[in-house]
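Chains: A, B and C, in written order; residue numbering restarts at 1 for each.
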């Protein structure tokens, strides 16, 4: 078990703020290293130094025992290091083959040698068991297939070390499983892999070694079997975390806040009945495309539906307008934080204030009482412990995923809504922040709001919900009202027809 | 709209030739034109700079780029710089009135030429009499037609290419043409009117149609010389583009006197062109403004008529160099 | 650890000591104003006329109509739109207003016009001679402008058409309609009360000898004028609207992220329509000022490169073409810079060949500075 890459005392500062402190890490050849840490722990910084995106402020690296100082990502590639980024670097208007060769087209007599390009692409795709034609346009591929194309592109230069940054965040369970098979096979072929992820279960399942970063420091590393999940979490967040989930303190009340009856939109949802009571957390589970998000969007007045009734606190809602839903006390945390949840370029304070502007608008011209509003927003930010130094000057995009999600929730909390619809609220959020979001959810229920909690992670639903509805192909395929829930029952309901088929 | 551009070159050429003007001592004149991004600009610009050196009059040029508001701002900036006088070729008659007023209110004398303000009562205004000029050219053409009638005994079939009648220039030119036609009804059939809207493409389409309908057209007057290439492209395929003396020659004439027209007169295709005497106009504007400056007049008002003249094969020798188009031609303009 | 800190800290302090004032200027809200002042001071020794009171008075007076139009454009750009139809709104409304209020008209010029005999005759426009002619004419112009804005807004907000296309079509179609109305003629003989809106003085300054019996007109400089009052009032109103009201917050939200704003209950469609109406109304006010100073309703007003001046001044001011960022103060400075630029180019007595090249270069230099500044603002490291 020889050492492929070694860092010694690696340090990186941005404007005097250290992002990496004295990291000494060894990476063994032919193994999978799981690299974990909260957002901002320094995972990406470390990998960017390895990939030559920027140089370290101090410290050194050795590749197979020789000093290694990459000047650029291209230089790193030349040394046999490939980096597969979280945001895929692919062109959706080009073919698979063109994407794989986009930075080095094989040339022949001044023209692109398409034939050899296609042949080579076929070989690379075959090595990944990917049965698609090299001429397929990228935008026709599923996210999982795109991920594999990105890997094929990385494999083109026959790298010795492949770094994956959060590769599964947009993949379905099956696609993830397939990706893992590929990664394991690459390991078995002798490649070395670094796998960065939030998903501790993934890291556990895949890694041979695990390294944990916290606040730029390497706080633990070793063979995977020596670190169990709770130890990993402890190392990541720097304190003991007895559990992943906070204790439930809220108890459901009697009065229904939301009643959905016979909601139908052909091809999307079919005859869905749903009730959420005050103080109750109702889970909505299902596979991707089962109609969970679509149902939530209809309830919130974003998408149209053919028939059905929505009542908030007994009032029948008509029409299709989020503004109207908000007036009636509904709040919606969407699954797509970047595109639908936040004004990323606007300040944190502006984001928090957005929904409740009307309450602070005075006179006919609707002048906003800015001092009061910013005071209230600041209070909200403090209350939710949003980690920001200046909520009035800092854009939302500068926050970590977890803190961004808290801003979204805070925005809605300003109006003290009766019903919270949370669609995948913990997606792209690290463990510590997840815990805070769960606590927040519990607090909402305790304060009397109804919560509709949509998730594709069955564990979190089981931990947090009073009741879980499972959807399959637009219909409610199961309802479970008794804690503790049984995971196999939930999954069976979610897969119902697929198993039958 | 081509017609409008002529002034600057005339102006420039006038300066180039050397105007017998008033004694000028380091005077500054602001010359604001409406748009000169055309073939004439090169010659105009060169001549103005040459004159600067020769006469000791500093000329500040301003290109309004066909924007009346910009021209107003430019003249105001000129005035702020303390110029002694302003000469403008305005974008249109209405903005000319405003600019003249602006200048006079600031006690700076101003002269307008090439395109008259819609109110002639203020400023030094040089006005070309389009009707007279057209009449002179058409009269000369008519004499040729009458001579032909004496031989053949056949009445001529006249055709006029009419400009945009929203433009007073176009109306005057048309009137001049009809004055001659009405004078000699015994020699001419009813004239055919072809509308051009001062646009070569429109002219081409309408002329094609008119000549097809009236194949015996043998007398053609265009309200502007810039249409001669268009006319040629219609007549040549029909075998009607012939110099004087040949069987089937169409007696042709125009107005403006550009370089093409000058060449065509020399080659015998064109009989006459009415020329706005722009040398006279520019000279008159220059003289008037310099006189006003010398006299300390700040709001001089005067209308100066430009009688124009017809350049014909007969007077080409004498007056060739009075026509700006021929000057350009002599400088090799058409070779560029 | 300790060695690292001592190694990096002094470098940090050193770079801060040097970069800090530069950074502060570059990152300031008033950057474009500083730029304008620096530009003015650099050119002053070469162009002494620049600081001459009459010239300053010209610069100011050239600023007001452009400012009125640019204020509207600022709001549209802030919602990630663009309003090209402003040019045709200026031309069309100036014709409409002039046709209604002209005190006389010449049949020679206007008898081909579609409006001849219906709205305007030898005796002038429909409202001619009435005491309420000017205000009524202005109301009519504002209504026409607002209607065009409404059409644009509905097409963009409800039909979800791209603003560039919608307003480009508006620019072409309404511009052509204005030309059609008068058959490309201008309508003169506007009432004095209207003309005063374009150039009437309120405060003028005479800087000469006190004893002179008669003051020459060219030594009287207008500083406070009706157009100044009108434009500044509009700008101040828009400033408060954008920065202090709920409407303004909604405008920024729609521009930053329309979907997120809608989900947060912002009535995005209504906001978009209102912004386009506001933009067209601003263009109309600009049109009033332009047509009044030129003393004629002119269908071709606002044609040509005018829109580039409007959008150029707004963007140089700092308003983003991609939406979400825009301020009226920025636009004020941008317009000041643009107007000063044109003025200095006039004063340089450059040949017409060079003037636009120089103008392009100066704008490019300003844009480059601005890009640098934004990179700094975005916290661009290393």
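General observations
Just so it is clear, a residue touches a chain if its C-beta (ideal position, glycine included) is under 8 Å from a C-beta of that chain, and two chains touch if they have at least 3 such contacts.
Only a predicted model underlies this, so the values are computations on that prediction, with no experimental measurement involved.
Taking each chain's centre as the mean of its CA atoms, A is the chain most distant from subunit B. With centres taken as mean C-alpha coordinates, the chain found closest to the middle of all protein C-alpha atoms is C. Centre-to-centre spacing of subunit A and subunit B amounts to 75 Å, using the average Cα coordinate of each chain. Computed from the mean C-alpha positions, the centre of subunit B lies at a distance of 38 Å from the centre of subunit C.
With each centre defined as the average position of its C-alpha atoms, the distance from subunit A to subunit C rounds to 45 Å. The touching residues of subunit A, counted against subunit C in their complex, run 11, 13-16, 18, 21-22, 54, 57-58, 300, 302, 322-323, 325-327, 332, 334, 339-346, 350, 353-355, 357-358, 361, 365-368, 370, 411.
By the touch criterion given at the top, residues 49, 52, 54-55, 57-58, 61-62, 65, 106, 108-109, 112, 183-186, 188, 216-218, 290, 293-296, 298, 300-301, 303-306, 342-343, 346-347, 349, 351-353, 355 of subunit C touch subunit B in their complex. Listed in rising order, the residues of subunit B touching subunit C in the complex are 36, 41, 45, 60-63, 65-69, 72-74, 76-82, 92-95, 97-98, 105-108, 118, 165-166, 168. Residues of subunit C that touch subunit A in their complex: 1, 3-4, 7-9, 12, 240-241, 244-250, 252-253, 256-257, 259-267, 324-325, 381-382.
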